[in-house]
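Look for chain A in each of the two complexes below; its partner is chain B in the first and chain C in the second.
Let's look at the complex of A and B:
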């Protein structure tokens, strides 16, 4: 009996029920019953769920606590992935590069072992997305295989250099598969490093791996590939599931998106910006944002340096002023503060911040509110901070501001250039302040 | 010509138009015209808006850039606040205490000087909320007058002690007026310090001061007073405007709310929780949450100690591991980490965190996603962090977790008690994990 991925309670139940992965089974729970093909399990460590694929193609997980009976309807073979031979893909189709960095998104299930194997070859990727076989020709490059919480600025440099190289080969678009945890940071980083990139560069991840009930892996990957090959805009974006259904994708500006839920498939949101586009099946609907258009690859160069001597300080009541002394000693060159409200922090920190600025550190202000704009001319606290040289960063996300600070410090040397570049809108990260409207909310 | 609060361009325009505050004026803009009473201005430093009150009672601000002409229709007197004599308030009405700590919410306009004057006396407050004169009898106490970004743990102690004292006098409810910037932190702090409080304690602030177009000050204050006097539940809440109209208020659990916009009136949201109630005019609709009910004041005691040797560390790529060494040296006793996704941080920080834990620091994990729950058993990174003793804090907001850590360390000494209290749901701050549902999203 093959039961890959099952252990403990679920394995025991399936063994005693005499069923194997691939069998068509009936699973009775208290007030209901499900019929489907028993799937292998992996990744999730829990030992008390079984997974079946229903006739409608939907995968569900059922807790062993609720299961009254598992019955085999007929024996079956564990499903195996059918490889798409690359020779069957028309070589006149638009070409996209899929650059793998890790995460579960571009993984395929090894049905023999029940394990997850990175889908790194172009043939693997075509096999995962057979619906694209007549639309794009995938080329692939694995540059990293790490969890995204381990991504560091040096990895952004590697990603940017890889995209630059792929652009030079005449790709129509690039997809970067990435874990979701820090995908927002990486997308912001590449938005700056790849300023002027002539094609779309689409980050994509998945919140649920492909063996899980209602996985978003395939939807996201197919949608990202379509945007990369077909969108009229260029630049760096994140493509992820949105909405309550199983078929809608949002394309977020790389500088404006954030993972706003730990586990939901629609975790990514655009903050302080509209989304750039939606994707539903083959239909890409682009919003009327002013986005850069596709251009010629001939003279594109990435600016992929990041200086990681930068710190993000989120304000909270009782924040220790000596933290800034520590940052000075550590030779930090830039600090992004996540202040309260319109860009405030307690008066007892102002002196420490002035010392940091006087020692040459660039200090920018964002808001821990996430939504809205810092506006430091309204209250005394804000005006005092402006006076000592804190730079208001408008409606930029704190995470994007942090990454931009690393990029600016990596690419500019003169203080006035550093400041003017920080507050300049380079990649959609800042919206110019709208004048107060009559009767505005 | 009285033009209190006006300066620069707006003052010049009004002077040359020969109008004064209190006059009925017509203001022509490019494609429109407005008729209303010229209001004084204050607080906002800008010099290029004029404010008028329309016949429907709505205040609007108009940019001088758009103004073609200002014309006096008839002269008027600057409005003056009519004081409600306290002797006119029925002393059998429910009693509420309004405790002022600062912020613009409980301010009245001094129409003579154009300045904002704190509304601290009960007569002032009744004058601001004449609609309540037949509903509640207000008593007032000013304990602070500070911007909320300057609120520190010692101020939470003062607030909690003041509420305890007011409870002992038999109040039906308490309203605490507070600046919005750190109101979420303070509400969380008092949720713990006032565990078991037998009456509703309602924090209230305003995003727009009462001279501003579409101010929420009066709506919020009246609504908060009604909830304090009438709600069937007890405990600590935040009452603030929600929705797109001018008449709806949400009552958020003190441990679950956060300022999620820098300037909108509906900035406060409940995160990972439903709201406790809505207020529309006189109607309070309570949700079916399990909330503590009103009880007897006889044996209530606040536990208002906070230990501020606690730090909040928001993870970001390139976070310096030596930060934890700095925190150890500063004799920090508790650290709340805002990790990525389900509760992760880069592997190169694990050793530094282990050292902190081994030195006796309590380390709890929350997520910078805001929404959702940490779940550290899913990926290796999470399991490694659990192994070294990091405590997963479920779906608690990072800010609430920080404040709870300060309170737990201030009130418990034994390590096992500290940990078990941290992960226990005391004031609605944690929802127990729901079992995986079949076909769940």
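Let's look at the complex of A and C:
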């Protein structure tokens, strides 16, 4: 007898009434009765209501305090999602791999929990984007099913290795579906791990859940698949909406993009960089970023190690110098500071930072301004920090700098090599020239 | 109007009343519930909506149908009444407690069973009227009853839901909406199916409207209440008729819909008589070539605009397109309506051909191409190749249903009280939980609190109303039912004019002016208020009310002041006024002597009446006061 979500009083009542989720039941309460299908209970719901779906489609909760009797009218099977059969697809079409990691993009509502579950079969994906049936062959691989806030550096390694494997099978492109919260971090991580990747690797997510007809999932997914299969450039990108309409897609550099809004479909923006390309219907239009071209798959190798002994410290007026002491004790190897303005941090902390650097920790400086470049030669504070050995990281995003630190520490050993790689532009994460107009700024 | 016999024909009618609530904010955000009649300049964004699977993995037929039409939706809105929630760019905020309270109050006054734990649902609607592709709705109570005279009407469900966006215009490729109304709280009250006359149905709608208004917490004015009517005849499927804005249309619509359903039922019976339980249709066949040397200007025009002609054979259907019921209803008309709905100009069927310049020879060629036999019928349609097959498929599906009579579907009302096809009836797959919000337990403490403020029954409120304002029961009811009740109350508050005059103006005079074809939009609430404050100041006499409104209504004057001067209701010269004053004074000297200073108001009234409003009250007052003081002083002196 299945009673998912029920506990305590409600579970007891349903057990003793010998009914299960999916059954058509009659629930008699004092001077009234309800007929409906017994629903599962939400995970965090209380224990003194049972939920049923009435014939008119509405769900209601009935208090166990009022229930006189629960009777099964007809036992039912919890409905199963119907799989859409995959129609035959021309085998001359370009092949892309859709690697799913979780998130709401390729998902649909789950009858049992009322929440959303991933839809990962190739048939599911084709049914989510029927307009691609004559354009690409989709092969799907589910490597993870986690919310993006649970993605850790080891998962980047897994993603990078999966892409490496797909490249070797001759894929024309790869799409990685990902929750949006940390998609920027993952895209940055793979930008480094997949340096020199010969095909486009497109991260895609959706801000508005795919269980709603207004979801941005379709446009994002279709656009991502088009870029993966048809773009002439290679590298790691994030494809998401521009604006609130469902017509224009941005392809952001994996190292330059950031989720800048909690909910809007155009939450992702390129910071300190132009958008790499836009997609409108079938038209992919490239900006002047001199993106790497597609190449041959034969000599590609991923460098997918990350060292997670790093920290990102955002400066704030009450920051306690002892925090750095703690980081030293925890054997952290690299620290990215999100300083103020041009790259500053209170003089009260300089001593602590010096101690950290002296103990072998690599410390890089970015700015919490987001837009602009750190310049630490302008004010005394900056000069002091430079003297201590803090490395200015130009116009790199703090999150990208952090990820890059992990990757550099995972793949380089010699200190001077670590520093020079950190400040070197590898995947578009640093530009040394600041144009008058960049993107929205 | 001739009405059907609901008992004999077994007509069941269910009502769904939707009424906007007068809350501060919208249902799931903090936007104000203000609406303007204007269209916002420029569009905010556009969308494509696609059907999503329900929790049981099905796609709602109505949603699938709408998606097939492949339309872009453009939204307009004002930044002060639309936020990211209406744009579906931010999760909904918590359910508006004020709206819930009003809903619970109504439920309590109907004696309904209040749901212990309410679950917010999404009702899939992908025609663009909701930006998310669904309307949020929550069932708060079931059952209950409403007593109307000796009758007792059973209530089915009470829900709170968000109103939809306002449709501005639509074409085959584009729909445009205004967002200000979106997410405004509504209460929906549905009745159990009732077996009663159209007039009784109208009374039920009226009574529910009154009950809602008696809470004093519902919106008033045009478009704030609308009715859906569910109609079934003789145990047939339920047809849902949407969006009856005027209660007066209910009877007409019911009569139309019942005769339509009866006619289709008769056709089904005729098919049964011919032993046809399932309609056999041929495939869609291209007929463009049958018309290559046509003389029909209509067909020439069609083919000239690169359209195609396709047709379908209908086995053993000869004569049935034109099968006519007593009410004059024909199937051909129903199909033509559906064809137009799917973007075609209409259909031609074998029962009406040859006609429209189509020759007998062409009909024979078509028959040959479609392989029809003697008793077979056919229909054909012309259109853009892309639309044509889709539309013909829909027509095929519709035609299959003639064996059951009137199929279950959703129909829209027309301004002249008929109905037209709108979309397939939504299935159970259209409702799924709002995954962004948790269920809400209705607290007993809230219910106990609300029980104390359940509104008095309508009759009682009406009695209070008529005694408070000194209105006759009929007048009080008219005002209470009208959209202008709050306007009336405001004028009564602002002026000392007898409320019965205000009531008569708002109800009878306005109705009369409207009948005379005047532009009622020019007679705004502001104008009406100005009218009465001016009257209160004595700028004109109450007898001039109708004239003043008429000249504003027909555009000759723009405000009350202009109307007064246009109609030469201007004030009297001081000399003329003095004359009247002297006259009144001398004729009523007895009153003055008797009442002394207290005679002032009596004389004042007389002078104002005599000057027929053409006197400045303040001036009259000054002159009269002076005269009175002088007179009393003189007469006192004389006495002494």
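By definition in this document, the second predicted complex is superposed on the first by the 333 of 441 C-alpha atoms of A that agree within 3 Å, B and C clash if a C-alpha of one lies under 4 Å from a C-alpha of the other, contacts with A are read in each partner's own complex, and residues count from 1 in each chain.
Here is the rule we use: a contact is a pair of C-beta atoms (placed from the backbone, for glycine too) under 8 Å apart; a residue touches a chain by one contact, two chains touch by 3 or more.
Values in this document were obtained by computation on a predicted structure and should not be read as measured data.
Residue contacts after overlaying the shared chain place A:185 against chain B, while chain C stays out of touching range. Looking at the shared chain after the overlay, A:51 reaches chain C, while chain B stays out of its contact range. In the superposition on chain A, A:243 makes contact with chain C only, not with chain B.
Measured by the number of chain A residues touched, the leading partner among chain B and chain C is B. In the superposition on chain A, no contact is made by A:24 with either chain B or chain C. Of the two partner chains placed by the overlay, only chain C lies in contact with A:209; chain B stays clear of it. Contacts of A:218 after superposition on the shared chain: chain C is touched, whereas chain B is not. In the superposed model, A:423 makes contact with neither chain B nor chain C. Under the contact criterion defined above, the residues of chain A that touch both chain B in one complex and chain C in the other are 29, 32, 34, 44-46, 49, 58, 60-63, 66, 213-214, 244, 262-265. Residue ranges on chain B touching chain A, taken from their complex, read 29, 34, 43-46, 49, 58, 60-63, 65-66, 147-153, 180-182, 185, 213-214, 244, 259-265, 267, 308, 310-312, 314-320, 322-323, 326, 330, 338-348, 367, 369-375, 377-381, 383, 399, 402, 406, 435-436, 438-441.
Within the complex formed with chain C, the residues of chain A that make contact are 29, 31-32, 34, 42, 44-46, 49, 51, 54-63, 66, 79-82, 108-111, 114-116, 207-215, 218-219, 243-247, 262-265. If you check the complex, the residues on chain C that touch chain A are 44-58, 63, 84, 87-91, 113, 115-119, 121-124, 126, 131-134, 137-139, 142-143, 157, 159, 428, 430-433, 435, 438-439, 441.
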